[in-house]
Structure formats: C-alpha cells, structure tokens
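Questions regarding the structure given below will be posed in turn.
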C-alpha cells in the first residue's frame, strides 16, 4: 500500500524527464528492470532526477570504497532505520556483487552488536575519551 | 556526565572478574589503553564479560569480512543511531586499521544517501519488489 | 496483525467512555468514519480519552500553525520514525486539507534531505555554531 | 545550549498558568526542585499544562504498573531514542524509587539485547509467527 | 518476505550446532515451538549460538529484575525501534508471564509519553540538570 | 569534538572547489557567515558540492512549499533523529524567516504528539485502514 502511484513504462513514456531517467537507469545497470522505488519517485520528476544523479555519484561511480563495501554500509543503515524495502533491495544488490552467505551472516552480527553497544553507551551517558580526539 | 561511575585501574584490581577482562582487553589489543566504555560497563561485571566476549567473536576474531569493513559497518550503525561515543571510538579504530580520508568521506556520503533514500521509500510506503525475493 | 483487538461500534456502545469518545470523534470531524487507531486504543479507555483530548488541542483547535502545516509536520515525524499507519493516515488527512501532489513531492524531498544532512552532521560530530545560540 | 529560554521562578511568578503548574509540580512531588524540562516547556504555557497533566496521569497516579517499573520502561525508551536529558532524569527518578545498581545493570543488559535482536530480526526481514496472533 | 531462508526441523537435524541450539531452546522453554527468529538466525550457526546464550543469560536466568518486567522493557525498546516481529513475540511472552490487559494498556501509555517528552526535550535542546549528576 | 577538521577560510582559499562552494553559499545567503557544517563537509569536496547543490534545489529554490514551512519540516525531522546541530541551525533559520514563539511552541507540541501516537500505533501493531488507500 503506497501513498503515491507507481509509474508504468507507458506512464513514463509520456514524460521526457521520467523516460530519460528510466533509460539511464537501464543503460547504467545494463538491465531492463526498473524497481518500484524509481516508479514511485517519478511522481516528482525533479526529485527523481536529483536522487538518481546523487546515487550514481555515490554508489556507482568509482570511489574510495569498493562496490560491495558500499552495499554493506547501505544495508547497515537500512536495518538500523528499519526500512524493509531498502534492506531487501540492497541485500539483493550485495548478493549480485558477490556477497556470500558467510559475509551476510557476519554483517548481521556486526549490525546487531553495534546496535547493542550503542544502547549500552547511551544508557550509561559516557562521553568520548580524549584519546579519540582528531588532530 | 554519566549515569554510572567509571572504574579506575585500582577499582578494577579489587575485582577478579573486572581485572581479568581488563587484562584480556589489553592483551588482545596489545595496548595499555582501556577506554571508558569498559570502565563504565564494569559496574555490571557479568555484562562486562558477556559484551567483551561477544565483541571479540564478532569484531576481532577472523571472520568473513575484513577488520576495516567491520569498522565501517559499525560506524554506519552508530551514525544512524546518533551515538557520538561509538562514532568517535570506531572512527578512531577505523583510522588505526588504515581508513583513508577519502574512504571516510565516501563512507559518510553513503550513510547520508542511505538515510535519504530510506526516508523517501518510507514516505512513499512502497513494498519490496517481487524480484528481491529470496529462493 | 495487531497486539490488541479492534473495537466495533457494538463493542463501543457497551462502554460509556468509549462510546462518548467515538461520538466526539464523529462530531468533531463531521464524518461517520472512526479509523482503527481509535478502535485499538479503546482497549484502554483512559488512554483513549487522554490521547483524543490531546490531539484535539494540538491538531484540531485553532493554533499558531495552519491545519495543513500541522499535517506536513506530522508526516515528517512519522516518516522518520517509520510508522506506516501514521504516514498513510496523515497523508490522507493532508490531501483532504488541500495538499497538492507538488507539495507532497516537495515535502518528501525535504524529509529526505533532512535525514541525509542529519546523518552527515552526526557522523562528523560537529557541535552547534555559537551563532545559533538563543538570547 | 537550548533553543528556548529557561524560566526562572521570578519569570514564572508573573504568569498565572506557569506559576500554577510549577506549584502543582512542587506539591505533587513534595520537593522545591523544578527541573529544567518544565522551565523550558513554560515558553508554551498551554503545552506545559497539557504535558504535566498527562504525565501525572500516566506516571504518578496509581496504575496497573508500579512506579519503579514505570521508570524502567521510561529509561528503556529514552535510551533507544538517545535522549540524554531523559536518561539522566529518569535514572535519577528510578534510583529515588529504589532501583539498585544490580537492577540498573540488568536493565541496561536487556535494553542492549533488545536493540541487538531488533536489528537482527529487521535485517532478516522476518514476519511475526502465526502463533503470536491475538484472539 | 525474508532476506534469508527459514530452517525447518529437517534442515536443523543435519547440522549439529543448529540442532543442539534448537534442542536447548525446547528444553529451556519446555515447549516444542521454535519461533522463526531462531530458524532465520540458523543461517549463521555461530551467531545463532551466541545470541541464544546471551538471551538465556539476560532474559531467562534469574536476575535483578523479574521475568515480566524484563519483557515489558523488551517491548518498550521494540516499539521505539518499530520492530513488529519483536513487539509481537515479546507481547505474547509477556502475556504468557501474566501481563494483564490493564498492564499492557499502562505500558503503551508510558511508551507513548516517553516518546513524546523525549521529542520535546530534544527539540528544546536542554541539558541534564546538575541535580541528576551521579556521585 | 569532531571526527574531521573544520576548514578555515584560508584552508578553503587553497582549494578551487571548496572556495567556489563557500563563495556560492555567501552569495546565495547574502551573508559572510559560513557555518561549521560546510567547513566540516569540505574534507570531501565532491560531497560538499553535491550536498550544497541539493540543498539549494530543495530548500532555497522556489518550490511548492513556502520557505518557513520547509524549515518547520526540517526541524521536525531533526528532532526525531536527535540531531542537535540541525535542530539549532534550522531553528535559527526558521526564526530568521519569521517563525514566532507561538509557532515554535505549536511545532514542538505537534512533534511531541506525533512521536507519541507513532509509538502507540506501533505498539498496537495496527495496519493502515483501507480508507487511506491511494487511487
């Protein structure tokens, strides 16, 4: 149940901005599949283009972190925020980039531990040690 | 300002469980430094031992993900939970394990993007595409 | 799947507190529709009355912010908390109060940006500039 | 550093609503101390009165849960939200109501575990077992 | 829709670690029912054993807080994190340990109030009163 | 205490990308003041430029929502995420755009109520009414 309608390819074809973004998604990913996130975001074509351009720069263009590590970080954030859509889409993306079951298990264990120690630290109200200071 | 007192080395010396954990932290990390998280957790010696054992297994023992990737995932969770102590301690740990400024910048950009798209997805209420289904 | 049962109008009719609140919801909103939030909250009649009175004062009585702005703020909080029920009910309420598709798109873009910059600020651990100080 | 000013007793004396709430806080708690939460909330006298009335009903009036359990639940929520002010004020309140160090340690351990398993469940995307269904 | 497969009893029978944990869950809880959390966690047998041992120590072994209070705290955290699975499983567990409808209603009211005042405090940016300081 | 260094104007002058963004911030806002968010983000010049361009498009360019409403939504998100820096900077920005004390009070009351009802809904596990369905 969505708060916006999902754009079909026919809907997109009637809008030059949306159809250009959908075409670029397909060309960049070398796949005909356009997932529902983009079909929902198409309701605001300016936001659609901006978020896609951002994602290309942060997640797809060569960067200091390799593509699989990028996906693992994305999943860690999405779990902590409780976003099921993003957990599923980025877990699928991580698997497509080679994530093994053992790596997935390790990732979940770390995310669990971090959420546990975050809570312990916060409940005890402690402040960063001077040793952690930058510069 | 903490909700519990921080145990000095003298306090720890008087408690066999706490002193054993502190000694193991020092031996495992090959460093005399015991950060305040453990000094605060010492107020509940059973929890201190349990969390340290867990952390050794998840973050220090050889696993499917390399040590730097583990730290990046830990930071991503800690940022999303807003835990300043954990952000500072694990950013310092990541740097000690070789994280470059460029990798730190990329990490922050991904965490920012993931928090943005998590919110967009959630606000649009969309459900995972069938294509993301496992098995 | 709920953790409490949903009260039908027949259930409510047998309880003077619940039936009075349901009647006031209908009179205040000039609609026969009582949504499931109230039917679930009816299991604790004191809480039902308290929350309804609070909501009337904060969201329905004339205040410093106009009714549509109130709904936009409510949606922003609900997205950030990941509460699908509240996102759907308040998006419907905002539309009933005149929210256009363009305003909805702009709202989502702001909520996305704020979640992104919140994460960036938190990950960098910076503290408020002196210039933001009150008084 | 606050976004609103904190009302002194002199400020409060000049406002009949604020001074009445401050007086009721003192009478109800049998203490001269009015903590800064109320001195900040005084900037919106209607909200001050509403929140104080709500808190009296939920946290102070006799209810199905005893006063110490109420405080433990309050702390658990405040830790999970990362609200340092509330963690400190309700940890102090819990101690005043008899919370021992051992109980505090156990509370933190549970809050840590729950945050851990919440993350594990969320990351695995599992849905409630049919056996948990109500009625 | 899960990101991992759920292990049946037949799957578990073929793995000595998983079958030992499942057997211990059944013996400890005196029930044949093994809920899906453990069937999903079985994909990482080391994590399965670690989390089960932790949970036994924190939630099942005699501790400073009684078993029902432990469940109430668990529910409070799970609500604040928005984890539906954990809300349902621990609400069922709390009922099995004697939680009445009135206690459930009171718990929800406290969790609601705490989330409200956490937000008010945070929005006003106030810092803990000196009176809350430990030691 | 930050995890990155804050760039002075002299630091910025030595980097063409950073100095161009700082100059555009000053020209766009018609103010010499460049707040620490941008001075911290300067450590990753590509991210600095991307986030500034995004923010200009979402928060500064004419859009479907007026500038003050944009700030109120930003504050609501920042409170819910517990980001003190963003709460302070956007509360200051809202005041500069005309937010009155009464509007600030109303905003806080709504954010508090929304956080309360989000928790109540989540704890009761109810799903959106069919009446909220789009299209």
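Per-chain numbering from 1; labels A, B, C, D, E and F assigned in written order.
Just so we're on the same page, contacts are C-beta pairs under 8 Å (C-beta built on N, C-alpha and C of every residue); 3 or more make two chains touch, one makes a residue touch a chain.
Just so it is clear, the structure is predicted and the values come from calculations on it, not from any experiment.
A count of C-beta contacts for the chain pairs C-E and A-D puts A-D on top.
A centroid comparison over C-alpha atoms places C as the chain most distant from subunit B.
Averaging Cα coordinates per chain places subunit A and subunit B 21 Å apart.
Between the CA-based centres of subunit A and subunit C the separation comes to 27 Å, rounded to the whole angstrom. Between the Cα centres of subunit E and subunit F there is a gap of 34 Å. The residues of subunit D that reach two or more other chains are 1-4, 46-47, 50-51, 54, 58, 77, 79-84, 87-88, 91, 102, 105-109, 111-120, 122-125, 128, 132, listed in rising order. Contacts from subunit D toward subunit E in the complex involve residues 1-4, 6, 33, 35-37, 40-41, 47, 51, 54-55, 58-59, 63-65, 69-70, 72-74, 76-81, 83-86, 88-89, 91-92, 100, 102-103, 105-107, 109-111, 113-118, 120-129, 131-132.
Contacts from subunit D toward subunit B in the complex involve residues 82, 84, 87-88, 91, 101-102, 104-106, 108-109, 112, 119. Every residue of subunit D that touches subunit F in the complex is listed here, in rising order: 1, 3-4, 43-44, 46-47, 50-51, 77, 81-83.
Within the complex formed with subunit C, the subunit D residues making contact are 1-5, 46, 50, 54, 57-58, 128, 132-135. On subunit D, the positions that touch subunit A within their shared complex are 75, 79-80, 82, 84, 87-88, 107-108, 111-120, 122-125.
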